[in-house]
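Below is one structure. I have some questions about it.
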């Protein structure tokens, strides 16, 4: 019956193996593939390398895979909200490769677009440049960054049709499209599966060609920093 | 009054100079900036280098700038529909740099994204690779292609709001977004200018940050190959 | 007898698997769409569309809706539009399972020439170089010999290449050939075609 | 007296020009939004939004609508959303006119350190390295000296760099400084601050 699966466990069946590289969408706890992360926890897959901008919080998002020690290495730009992460990192149990956020996003997009390397001035003259090739274009130095080719992409979207055409919602789009592009296989969880043809083809954010398996999931959508303003008196 | 101008001539005022590099959107005659091309013809700017997938036809699209001999060089992937082009090219009056279509699109996008060079396997082992740096990634050869940094982008969209947020229609999107990204200044012609807030922010194809000047134009939208099928008998 | 254009297209359609995203070149490859049958095939048009539909009914042509051959087409319920950088991103990134293309020459090592004849009018490679470099499987449909009766399956291409070592399978009017170590492997002969005919019209090393 | 946080933010807001697209860092830079007045400024949130609005009213928080500090925010009539690759494409590509950022140290050659203290908990650089490498103008807002009374305007940074030679202007509680050939140029002093105070709290070479 095509790309739609009944559960996260079913959608991941046959795709997980120890030591694999997973690219995950999401920014902070916004637009993260909650259900797929949970199913990977249940599957117990070990020695994972996870490319994701953040590492979740202690008991939510990718944090749950850190608690179970399933992650060997993170490729991230910012991991400040996760105490367990820090503990494992400082004790040497967890490898960490910091990437500038835009470099991380572009490395994912590049791999998905068949580009094994590109030059950027981000990080020139910093620790990020160490060991990387430097090339001069028009008098300015740039460093070579390589594509992240993942074994699996796990992604959260708002809506999908059964061919995998995806629509994201507001800033929950974030890393999901580039993460989806860079995996050999891409599994997506959505809030709603809609009939084919019900999404205007000009409103599709990511065409179904990038999407191999889809589940409809329940989403807690936790808020990390609830900030509000006061209503002015009428 | 912001980004909206009354005419193509007004929108291009102060931006044109002899010998400049212009990136143009469009594929064939679909989604081309007709009004802006016409205004460049009227302005008489010379020795242009134009990066555009195609070169129009003899009397429409970029073809009109070829008839007036305003173009010194084309950077294109396919120029088959333009006899005047071929005549000038074969007589040595016009320079031509062929780019594979995807390389051309990516070179524009790269420049717009601050990437001066990227590696691709497109063209490896062909004349396209001549003189280009070759690098091996994981046992496979790739060639270095450089970003196209244009002085001016000319682009056609369907709708714009006054902040320059753009929506394209069907396959008329094509090269317009990457062309828009790679120019120091980007001028856009649209069929309709709509009130701010009337486009769902999740439906915007190109955010206004890429757009500096906007005009509403009249569009002939000529069809190059009219192909139809017969209705079956009822 | 040798296959005609439609039979070649029909044979090529057998290569396509359910669920594939496919790019069809101009000419005979376009005809392949007529023979996919019940298979769930999504056609890409590299100017920025997945889910390419048939030509429109007369009077319903839309200048904003064309294929890579600049022909008016229609959309389907699965259609998605995107820009050219994204389109060739998916091509270069190997997301397209197969491209079916015409050719002037194919060499036994998989080299392909289909864009340029020196001294003649050069129109450009369009998206062909990107397609052959990027897609999962490159299938060529072409006549086995040119109009002078000379083989188009060569030991080495004589024309400027579109891609080096890129062709996986060749479907000619005489049969089906795979690019393998050491030459071209004869996979299938068209009904009524003899091995002798094939041998006499093939310059490339034939295996099997 | 020296400027307080809000006065520094107010002074920084004067740097912004009508029509600019701007990225504001976390902390004091966030306050700059309160002082743009009538100027047509569009704020970028690098997680994928242009046209960032204020915090939502209580009860109207949307978990799908946050800024780069993971705070709930709102959209405006000019808002556009996009993915992270596009977002940093526009940052790296120089489309953002200015970024206003906090810092631990700035050197007189424009080197910036604001992401890492060796031996302490390292949270990551987030988007800071991309921003300082890519945007048109980098404006730093920070206290002139650290809590120990040591200058944060240095001859050379002691901490790992976020960017090399990237800072254009520094706004501290004591005044405004430009990175120029040979050192930092004192552009403006906060009301009531003396040149002697600035000299005594500045390690970097001061010009003018």
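First chain written, first letter: the chains are A, B, C and D, and each begins at residue 1.
Here is the rule we use: a residue touches a chain if its C-beta (ideal position, glycine included) is under 8 Å from a C-beta of that chain, and two chains touch if they have at least 3 such contacts.
Every value quoted in this text rests on a predicted model; they were computed, and no experiment measured them.
Novice: When the contacting C-beta pairs are counted for B-C and for A-C, which pair yields the higher total?
Specialist: B-C is joined by more C-beta pairs in contact.
Novice: Can you compute the centre-to-centre distance for chain A and chain D, using the mean CA position of each chain? Integer Å is fine.
Specialist: Chain centroid spacing, chain A to chain D, equals 27 Å.
Novice: Counting in whole Å, what is the centre-to-centre distance of chain A and chain B, each centre being its mean C-alpha position?
Specialist: 32
Novice: So what's the Cα centroid distance for chain A and chain C, whole Å?
Specialist: Their C-alpha centroids are separated by 35 Å.
Novice: Tell me, which residues of chain A touch at least two other chains?
Specialist: Residues 106, 109, 113-115, 120-121, 168-170, 173, 201-202, 205 of chain A each touch two or more of the other chains.
Novice: Please output the residue numbers of chain D that touch at least 2 other chains, ranges allowed.
Specialist: Residues 75, 81-82, 88-89, 91-92, 133-134 of chain D each touch two or more of the other chains.
Novice: Every touching chain pair, please?
Specialist: Final set of chain pairs in contact is A-B, A-C, A-D, B-C, B-D.
Novice: Residues of chain D touching chain A in their complex?
Specialist: Within the complex, chain D contacts chain A at residues 45-49, 54-58, 60-67, 69-73, 75, 81-85, 87-89, 91-92, 111, 121-130, 133-134, 160-165.
Novice: Once bound in the complex, which stretches of chain A touch chain B?
Specialist: 106, 110, 113-121, 135, 137-138, 140, 142, 146, 167-170, 173, 201-203, 205
Novice: Where on chain B is chain D touching in the complex?
Specialist: Touch residues, chain B against chain D: 2, 109, 111-115, 161, 163, 165, 181, 196-197, 201-202, 204, 207-210.
Novice: Could you pull out which chain C residues touch chain A in their complex?
Specialist: Interface residues on the chain C side: 19, 21, 40, 42, 44, 50-51, 75, 77-82, 88-96, 133-134.
Novice: Going by the contact rule at the top, pick out the chain B residues touching chain C in the complex.
Specialist: 27-31, 53, 76-81, 86, 90, 98, 100-103, 105-106, 108-109, 120-128, 158, 168-178, 205, 221-231
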